[in-house]
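Two complexes follow with chain A in common, the first pairing it with chain B and the second with chain C.
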Partner chain A sequence: MTRLHSLRSARTALTGAALAAALAFSGGAWAKEPLRVAAVSGYFSQGFGVSIMQGLEKAKADFGIDLTIVDTGNRALDYEEQFNNLATGDYDLIFVMGWELVDALQKTSDANPEQHFIFIDGVLESPNMTYIDFVEEEGSFLVGALTGLLTDAGAEGFTDSKQVGFLGGRDIPVIRNFLVGMQEGVAFVAPDVTVVDVFAGTFDDPAKGSELSMALYDKGIDVIYQAAGPTGEGVLQAATAAGRLAVGVDIDQCPSAPGAILASMLKRADVAVYAMIKGEVDGSNPVVPGAVSVGIASGGVEIKVCDDMLPRIPAEVMTRMEEIRAGVASGEIAVALNK
Partner chain B sequence: MTDIPLARPERHVPVWAQGLIGQMLALLIALAGGAVIIWLVGESPLHVYEVLLRGALGSAENVAGSLLQATPIIVCGVAACVALRGGLFNIGVEGQLYVGGFAAAWVGFTLNLPAGLHVVVGLGAGMLAGALWIILPAIMRARFNANEVVSTILMNYVAVLLTSYLTIAVFKRPGGWSETAPIAQTAYLPQLMDGSRVNLGLIIGLALALGLYLFLRYTGAGYAVSTMGSNPKFAAYGGVRVKRNIVAVLLTSGAIGGLAGGIETLGVHRRFMEGFAPGFGFDGVIAALLANGNPLGVVVAALFFGALRKGSLLMEVETGASREIITVIQALIILCVSAQILIRRRGGISGEKRWKF
Partner chain C sequence: MEILTQVFTISLIAAILRTTAPILLVALGGAFTTKAGIFNIGLEGQMLMGAFFGVLGSMWTGSALGGLVFGVTASVLMAVIFSVFVVTLRANEVVVGLALNIMAGGLTISLTKAIFGVRGSIVNPAIVGMPRIHVPLIHDIRPLGQILSGYTPLVYTAFALVFLVWVILFRTRLGLYIRVTGEKPEAAQSLGIRTARMQHIASLICGVLAGAAGVHLSLGYIVMFAENMSSGRGFMAVAVLIFSGGDPVKVLLGCLLFGFADAASLRLQTMGVSSYLVLMVPFVVSVSALFLLSWRQRPKIIRETLQHLTAPVVAKGQGS
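After this line comes the complex of A and B, so read on.
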């Protein structure tokens, strides 16, 4: 509580000492000021941003936080001033999502090192900020395990091909995380199955994604796991066109190509954001600078098998997946990270 | 405004005052309309306007922020104004801004030049790119009378997508967002004060507006352009080489549009980002229309738009009203001003037909 107050503006700092003293005597039975939270992004109406909003709204309903949503729009000129408007000490936590905001964010954070910024889905250089870092390897491990098991079991929709596909956007470290996780998962359950990987070289080209997927499907590959943003939408379309399977990423992509999507690897921003606010509100896990890894154990990363695919999946595969999931969550199965 | 025959002779209000009263009325109606919308979304209009005003002008930093926002609109407005006064409609300022911004940034991050020269070459490259970007519409307009409104709009899409392609596929900075490498320090357009990104571009914009005003008012060439705008047949009859002037006017307009982009990349962002400044070109065109083609009026309109934009950023944080409310207010202003023009025309006053569709 006292730590929290040290973050707040001069306006409340005056009452802070009195409040801390009162707390010391009353033993904490004090009506707390609500936590003031802001969230900044240009994507609150799209996939991942919607997920963040759900987490924030839930936190608002459960903890009565003050919530301010700031839409950055698309003018780069505005970003810096938008951060400066927020970094006045009036907010305890400011969530930020979107790589285009990074430069403006760094500048504002350097000028206001006391301000708690939380950058979602990435780790930047600044030591003042908190980062929500999804452990893509763990979720991708489960994707690898599922596709490997189904390949071995020769489940409905799987031929005798011993290869599974991976399509990445650009060949950059964060996308390699997905690939490495998948490879490990496949190797864990089916050493005879291999992962064929391709990189589209772009995140913004669904046509290219579609074309490359078709080439993979033509090789006899039954399922492709995509980690390629909008390029990946082409993979989902190609799966429908080829009558094969794809695995979605980030959000539940099952509805975008029903019948062609096996599962989605979810990055649950809602869970991560909610957990972070909860830890701050009840003091169990206050927000501190540095990277916070969110993986299977915390529910921030998970795999969702599409409902219409459930009948195709043999019971023993589902049982095995449950075991593996529990193993990864408990740390019994160590998923090596891509370093 | 005195060179525009708006008034009925029998009215006793001076011409300039009439124009001013009209625009003020348009502004008031638009603000009232905005208030209704703010009220409908459940906020207090007074509170929202108070925050808007404070965000725009509440402190020295906020005023600087408003000027920063106004800078590209002033320059783009002057670009549109040049064409408008020549009876042409360059709605491609947006595209010229993009290619100009990219060209200036390219000079900034590839060439190695001494400090002052680097900026000049960068801005020059921006102007050249902007002029080149309108050369096709200009020639087609002069030679074949092809409607420049359509061709310049089409060039916008090409410009935005081309610069996106160049940024993502050719010059992307490794890692990070879709942006080029940062420009060299020697290419930084100097900033006017500490703690704000307001830069020399503002002075350039004001100088351009004043220069255009003086040019149109006091020089023969300026008179030729104005005459061409108000009555091309008469201008041709009077010895103005209309075709040559069409090309010259459009190229100048395009070059200034390109300059606006150069100012943004060298003065503010110091690199080129994909989709870095959506809408400034169009805001400039609107400012020029609002000002009825008067370069000094463009500055006033641009300052007003800049203040609205800056204020809206605080509005978004402090009130429940969306930042987009100001887009609605802007649109309402445009509607009111166009309505005024229609009403005046119905009153039998000529002289408003300075652009054609």
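After this line comes the complex of A and C, so read on.
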């Protein structure tokens, strides 16, 4: 799932150096009381939420944190009460994921400014909270670069079409970030290739996702990158039916349509959550209010080529992708949103 | 002009048939309730239940047919609740229909979470989808095969049902009774027709078809379940029913209009037309169609209203 960013400011990258420092110091952190961490969401059993859980569990195993999981379910009336119960000062960090929780969260945070709330996958107005903000345009840039290179190389599964497809859920800013990233990635490696973009207008109509994909495939397009939640699942199925390719998003979607998925653009919530807890535990990078951008450099956003597609990808494309990835990570290649 | 030739291709016809089929199935179900004098706004919810239980049944039984049975059963249960409230207890049909729609939305989300432990969508290799039918002989003839072959069974069923529903409504005693119940309940009762029973029957048949439409969505069109995946198709069917009056041929035409608007607009997007404009098309089409039809029928509506005002009031509905 992709979520709306209302604001994107104060980009502070989680740098590799901070991680290295964190590793070095982690041994000494044991003497203190265990860090008390809570995590609140209704989505711990869904793709992205599972990834959060993995990060939390790993942190628990490595640092002995005291972990409480609060599954909100879909009882909208209790949200505020649940947050108030948590915000009594018992917890050092409270991770929150899910846009339906935002109202209750902001109220609670305003009433308890000292409480460290960390909102995952978006930036809100409240100045007291910390935000984990995935730089999806960087990952999308790599998707664009990969599809552009393969189109030019005429790799297996690619015809002489000079177009690649993008299918978004609704036409909203955060989805535009995916599109712009892809366009820039394509333009970077293959200026003669264009991105044909379409929007389903909804995140929960996989049938429409499938129908729109068919329209793109009928145009001769070989590969479609989707950022459309459940609508996007329809894209993956259409790729199988049409014998073409699609690119997954957020989590590793390779298993959901084997043979039809080229790669997935991953938002590694596990990496981001783990790094944040680590920084707090060893004091190397304590959690402070503001937005923390998680991109290619920190490994919070990455592209995973599906295993069954690896043989199709020419060695020189792989080499070039590695260079581009390194370039984006170092900041040499700037992925800019035209804002 | 170039855009037109790119949009109007053979594959557009196939796309129209695909986008039309689910609306057509559910609308044909609604034709029965419409003809029986019930305004059934609960189609959306019945369809959603069909879609969810179709996936569930497919996983549990390991066959698409099992999914169809489960999905249709769930939808029929919704139809039973609907007709008990509306026909037997004489509750307001719009309120009951809306309530059932909301219930279907919430229930499928809760059950998804309870059974599969996930939210959003159910994608699972254990879900057995419906097979695509390759019509012998025709399949390899282009462009005929492209248009007529390669769909899942319920697509063919939907179009075949247009004729079948017409026969039932206009050439059988059951159909006659249902129509009389809807058009002149007093006359029906004086003839000894049990109007309540006719309305229950119509509602059940409607449940079967709406359920099949839902199963088509989750096991035929694509193979998965997503929260709220009926995505307004049940409401489109309601719109079609309003301007077709439940007449199967007009239902077909109305659904084809929606299917065409949908398929063509999606293709327009691939030509670079803004999604904001394109995604309105089906709704602009439906509003225009409603307007044109009601304009044509205005004198008739005014006349009937006047008749109602002047004629002595007769107790409506409720048979034995």
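Structural remarks
In the analysis below, the second predicted complex is superposed on the first by the 307 of 339 C-alpha atoms of A that agree within 3 Å, B and C clash if a C-alpha of one lies under 4 Å from a C-alpha of the other, contacts with A are read in each partner's own complex, and residues count from 1 in each chain.
The rule is short, and it goes like this: a contact is a pair of C-beta atoms (placed from the backbone, for glycine too) under 8 Å apart; a residue touches a chain by one contact, two chains touch by 3 or more.
Predicted model only: the values in this text are computed from it and were never measured.
Upon superposition of the two complexes on chain A, a steric clash is found between chain B and chain C.
After overlaying the two complexes on the shared chain, residue contacts for A:Glu80 are found with chain B alone; chain C is out of touch. When both complexes are overlaid on chain A, the residue A:Trp99 reaches chain B alone and has no touch with chain C.
In the superposition on chain A, A:Val198 makes contact with chain C only, not with chain B.
Among chain B and chain C, the chain that touches a larger number of residues in chain A is C.
Using the contact criterion defined above for the overlaid structures, shared-chain residue A:Ala207 touches chain C, although it does not reach chain B. Touch criterion met: A:Gly229 reaches chain C, while chain B stays clear of it. Superposing the two complexes on chain A places one region of chain B into the space of chain C, and among 150-158, 186-194 or 330-338 that region is 150-158. Within chain A, the residues touching chain B in one complex and chain C in the other are 73-74, 202, 204. Those residues of chain A lying in contact with chain C across their complex are 1, 42-43, 45-46, 73-74, 171, 196, 198-199, 201-202, 204-208, 210-212, 214-216, 218-219, 229-231, 233-234, 237-238, 256. Residues 38, 68, 70-71, 73-78, 80-82, 85-86, 99-100, 102-103, 172, 202, 204 of chain A are the ones touching chain B in the complex. Listing the residues of chain B that touch chain A in their complex gives 55, 65, 68-69, 72, 168-169, 175-178, 197, 264, 268-269, 273, 275-279, 309-310, 313-314, 316-317, 322-323.
Chain C makes touch with chain A in their complex at residues 6, 9, 11, 15, 18-19, 22, 106, 109-110, 113, 117-121, 123, 217, 221-224, 226-229, 231, 262-263, 266-267, 269-270, 272, 275-276, 279.
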